[in-house]
Structures are given as C-alpha cells and as structure tokens.
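Think of it as A, B, C and D in the order they're written, each chain with its own count starting at 1.
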Amino acid sequence: MQEIRQRVAENFARQGLMRTLGAALELVEDGEVHISMPFSSQLSQQLGYVHAGAVTSIVDSACGYAGLTRAPAGHDIVTAEFKTNFMRPAIGERFLAVGRVVNAGRSLAVCTGEVRAYTANSVEFKVVALMQATMVFVATER
Amino acid sequence: MQEIRQRVAENFARQGLMRTLGAALELVEDGEVHISMPFSSQLSQQLGYVHAGAVTSIVDSACGYAGLTRAPAGHDIVTAEFKTNFMRPAIGERFLAVGRVVNAGRSLAVCTGEVRAYTANSVEFKVVALMQATMVFVATER
Amino acid sequence: MQEIRQRVAENFARQGLMRTLGAALELVEDGEVHISMPFSSQLSQQLGYVHAGAVTSIVDSACGYAGLTRAPAGHDIVTAEFKTNFMRPAIGERFLAVGRVVNAGRSLAVCTGEVRAYTANSVEFKVVALMQATMVFVATER
Amino acid sequence: MQEIRQRVAENFARQGLMRTLGAALELVEDGEVHISMPFSSQLSQQLGYVHAGAVTSIVDSACGYAGLTRAPAGHDIVTAEFKTNFMRPAIGERFLAVGRVVNAGRSLAVCTGEVRAYTANSVEFKVVALMQATMVFVATER
C-alpha cells in the first residue's frame, strides 16, 4: 500500500483542477479513497451552494483513485463514464468525497462514491451526492 | 426570449464555479444553451488534459439553463442527476458545452448535452463528452 | 408495514412482465424489497446467459417497490430513470434483485439496487448488476 | 453490410428474451439498428402500460447490435452499463427501439437509443425512453 499511496499522492498533485477547487487527499486504502474540499464561494452555483460540477469533480477523482489501487501492474485509470444523483443542496462548510471499488475486472472497474457535507466542527454529515462510475484501465505508455 | 436570456445571464453571473473555470455564456435559445471554456492548466487532470469534472461542470450548467428556458412560470431548475460518457481525452484549446432539452414535463426535464473540443482557430471539433440529465423544476421561494 | 406489504403484493400481481419473467416477490421491508427470478432460456441473450434487460427489469421493480414503502400518502411511484452496470455475465440458476431507498424527498426518491446470482443450493452469490435509480412520487388519480 | 446483417440476425435469433418479448429485428445499418415490439399485457407494469424493463430490453439490444456493426474483427460486444430516462408512460400498440453508435473506440463503444411508441396505423410516434450506453468489445473465444 505504501507504494500505491505515494503513486496516488503524486498523481493527485498533478491534477490542476483539484488545486483550483481547494481539494485535498485525505485517505488512500485498498479500494477506497477520500478527498476533502472546503466550502468556497468560488465553487458556487446560482444560489450560493456548491455547484454540482465541483461536487462531481471530487467524487470522480476519489472513485478514480480507488480504482487505481486495484489497477493491474503497468496500468493507469481513466473515467469511461459516471452517473451522479444530487439528493439535496450541497450546503456545508466542508465536503468529503468517498470513492470505493465495487468490482475490478481486467479492463474495467465499477466504483461507487458519495459526497458528504459537514457543518463546522461537526462529525455528523449529510450525503448530498451519490455516484456510480465505470473506470477503464489503460496500459501506461512507455 | 429576451426576458429568458436576461434571466439566464443573471443566473450565470451568480455561479462562482463558472467564473473559476473561466466559462462564458455563448448562446441562449429556446431549449438550447451553449457555454464555452478555454483550456487552462488549472483545470487539468494528471495527464494535463481537462479534468472530467470541469467538462461535466459546463455541460451540466448548459443543460440546466436549456431546461430553464422551458421552466413553468415561477419555477427555477436544479439538477436531479446526470450521466456523462467521456469518449476521448479532453484535449483542446477551447471547449464548448451544448445543452438541449429533449422533453420538459410539469416537474421534470430531460436534457442531453455534449462537450466539443476545438484546437486553435479551428471550426472543426471533436465531441469529448456526452451527457444525459434529469432536471427538476422547483417553485421559486418568495 | 402490513398495509404496505399488501399494497406492494397487489401491485406486483398486476405487473404482467414480472409474471412473464417468472419473478416472485420475496421480501418487503421499510425501504427494502427483494424480487427473485429463476433462470430460464426464455430470458437469455445470445450466449445463453440472462439478458441485461431481464436483470434490469427485476431490479427496477425492486427499487420501485422499495421507494413505494416510503411514498407520501396518496402517492404512487414511477421510474424517472435508472443506470445499471453489468459487472459479470448473469450466469446462475436463480437471481435475486435487492432494491433499497437511499433518500426519499417530497417528490423524488433515490434508490440503489443489485442483482445477485446463485448457483443450485448455494447461499453464496455473485453480484452481477448494480443499479442507481431516480423514482418520482405521483399523486394517485382519483 | 450483408455479412454483418446476417451476423446480427443470427445473434438476435439466439436471444430468448427477444422472443419472449415478441420483439423483431427491423433494420440493420452501419451504426444503427431498429427493433420492434408489439404491445402485450404480458409486458405490463401495474397500470397496464409497458414495463420500463421491457422498454429497456429492446433498446439495450438495439444499441448492442448497433455497436456490433462497428466491432473490430473477431470481437463480440457486451453491455458494460446503460442509463435510461423514461419520459412518459409507455402507452402504444407498437414500440420501436432505435439504437445508434455515437463513438466506437478500440475497446468501448458509446451508443444512444430511444424507444418510440406508435398507436394503430400511425406514422407519428412519441419518444417514451432515452438511453445512453457503454458497450465493450470482447475478443471472441475460439
């Protein structure tokens, strides 16, 4: 896992969008990755809540990295498609995207993810978004 | 349409994320809205291409505004869910999200969208992402 | 729950497709419904396994009935949309669709479901399909 | 195309579910396939309309065969996942599923489909369902 954690951390550091969104890598375990994002008005939709696109961005990355922990040797991972339900407005001071691998085959991985909204100093959360995604393992070009 | 165009433009101006992504409203017609976004390394995924989340953000907004042009009086629109396929890496100098209403009922609208990638000075494009989305009309609180 | 169980059972009995597929209602709890379906060559795709459409049919019904257990009084439920991943061929002697409510609001419910494949006399199963669905509560016409 | 048409027709004839649903292959062109299905109470949901699962089954097959017309030599096709929106009740005397390839890569194809409902003797139709699907090309085992 140490090698995978380092690989995920280096990969995450290259994602300009994660930096732009203020996102941080919080946990990398076998088949599960967490990414956090603090609230910012720079991420808002028209009502001031966090835009579905920002919510989706962090849970897509969390799902992708969860899949990467199960990638065959010499393979990277890219998103083939995802579907996200938005169950309530993304209101909170901090958001945590949790991505998990449900099944990893030779060429495809199926992942599920959720985004949790926290208010200040709270350990309780509300799930604001639910993702089901298909990732593709692609051989690393050398 | 003039009233709707103004309403969409004002709504768009309140979306902090669109500003953060460098996105601009390009066209508002009945049932169809276009949003552009120039390439920036601040939107990148690990390979330097535009992140699926940024691509999704602009086409979600385009679909939502397309739906808004068909909203019943006194109603706003929010995204219930969307599904996006990523057909090739989002490589380009400029991206255009095209959102269209397929069906608008009393409470739900179904929209489809695509994101087109353009290279410099080109009129030709490649479709990098395809969205199918469900939007909900919500009565405006007063 | 007894009233809801009866309502679900009566509703299920009216679904001609469930009868055609050989499906049976197995469990109705608050927010969770199970539907079983034995293997039959009448449900096959080209390789002799169960067709994705049959698999989807039972998990759609399971999700819908799970949502129905949370419907506001005087409301029925219909499927707005679903997304299903097929993780492995639907090979087995018996299939069980498990539908669960993740979130039920005033007008929409988000459900997840899975279809489990069992071989003869086995208690072990493999998950062959994963669904994420949006259901709409509609006022019963009187 | 003649060889592909014959391959699709033979493959379709092996799908037990298509026979069970009363479905028929109507058109096979490069990248586009049509499948029809007459109304039957054996396909119904609780209100007597055609069940979302039956609607989905024919458009899944139509999308799959559309993808098959673009499969690399020596490859079959299976459904990785699909997402279907149901825009209105499936009321009609005859249904036609239209599946089209949007993009075919080396390992994946993205397809879109719709299901049209016709009343008796009518050439006009209403689109009752919209699909966006991901298909996988798999090497034929020999």
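The working rule: contacts are C-beta pairs under 8 Å (C-beta built on N, C-alpha and C of every residue); 3 or more make two chains touch, one makes a residue touch a chain.
Note that the coordinates shown come from a computational prediction; the quantities given were computed from them, not determined experimentally.
A.B. asks: Which one of the chains is farthest from chain D, going by Cα centres?
C.D. replies: Relative to chain D, the chain whose C-alpha centre sits farthest away is A.
A.B. asks: Pick the pair with more C-beta contacts: A-B or B-C?
C.D. replies: A-B
A.B. asks: How many Å are there between the centre of chain A and the centre of chain B, using C-alpha atoms for each centre?
C.D. replies: Taking the mean C-alpha position of each chain, the two centres sit 21 Å apart.
A.B. asks: Quick check: how many Å separate the C-alpha centres of chain B and chain D?
C.D. replies: 28
A.B. asks: Could you grab the centroid distance between chain B and chain C? Build each centroid from C-alpha atoms only and quote it in angstrom.
C.D. replies: For chain B versus chain C, the centre distance works out to 33 Å.
A.B. asks: Which residues belonging to chain C are in contact with no fewer than two other chains?
C.D. replies: Residues 80-81, 83, 85, 110, 134 of chain C each touch two or more of the other chains.
A.B. asks: Sort out for me which residues of chain C touch chain D in the complex.
C.D. replies: Per the stated touch rule, the residues are 11-12, 14-21, 40-48, 50-54, 56-58, 60-61, 78-86, 89.
A.B. asks: Where on chain A is chain D touching in the complex?
C.D. replies: Its residues touching chain D are 80-81, 83, 107-108, 110, 134, 136.
A.B. asks: Within the complex, which stretch of chain A touches chain C?
C.D. replies: Checking each residue of chain A against chain C gives 83, 85, 87-88, 102-103, 105, 110, 112, 127, 130, 132, 134.
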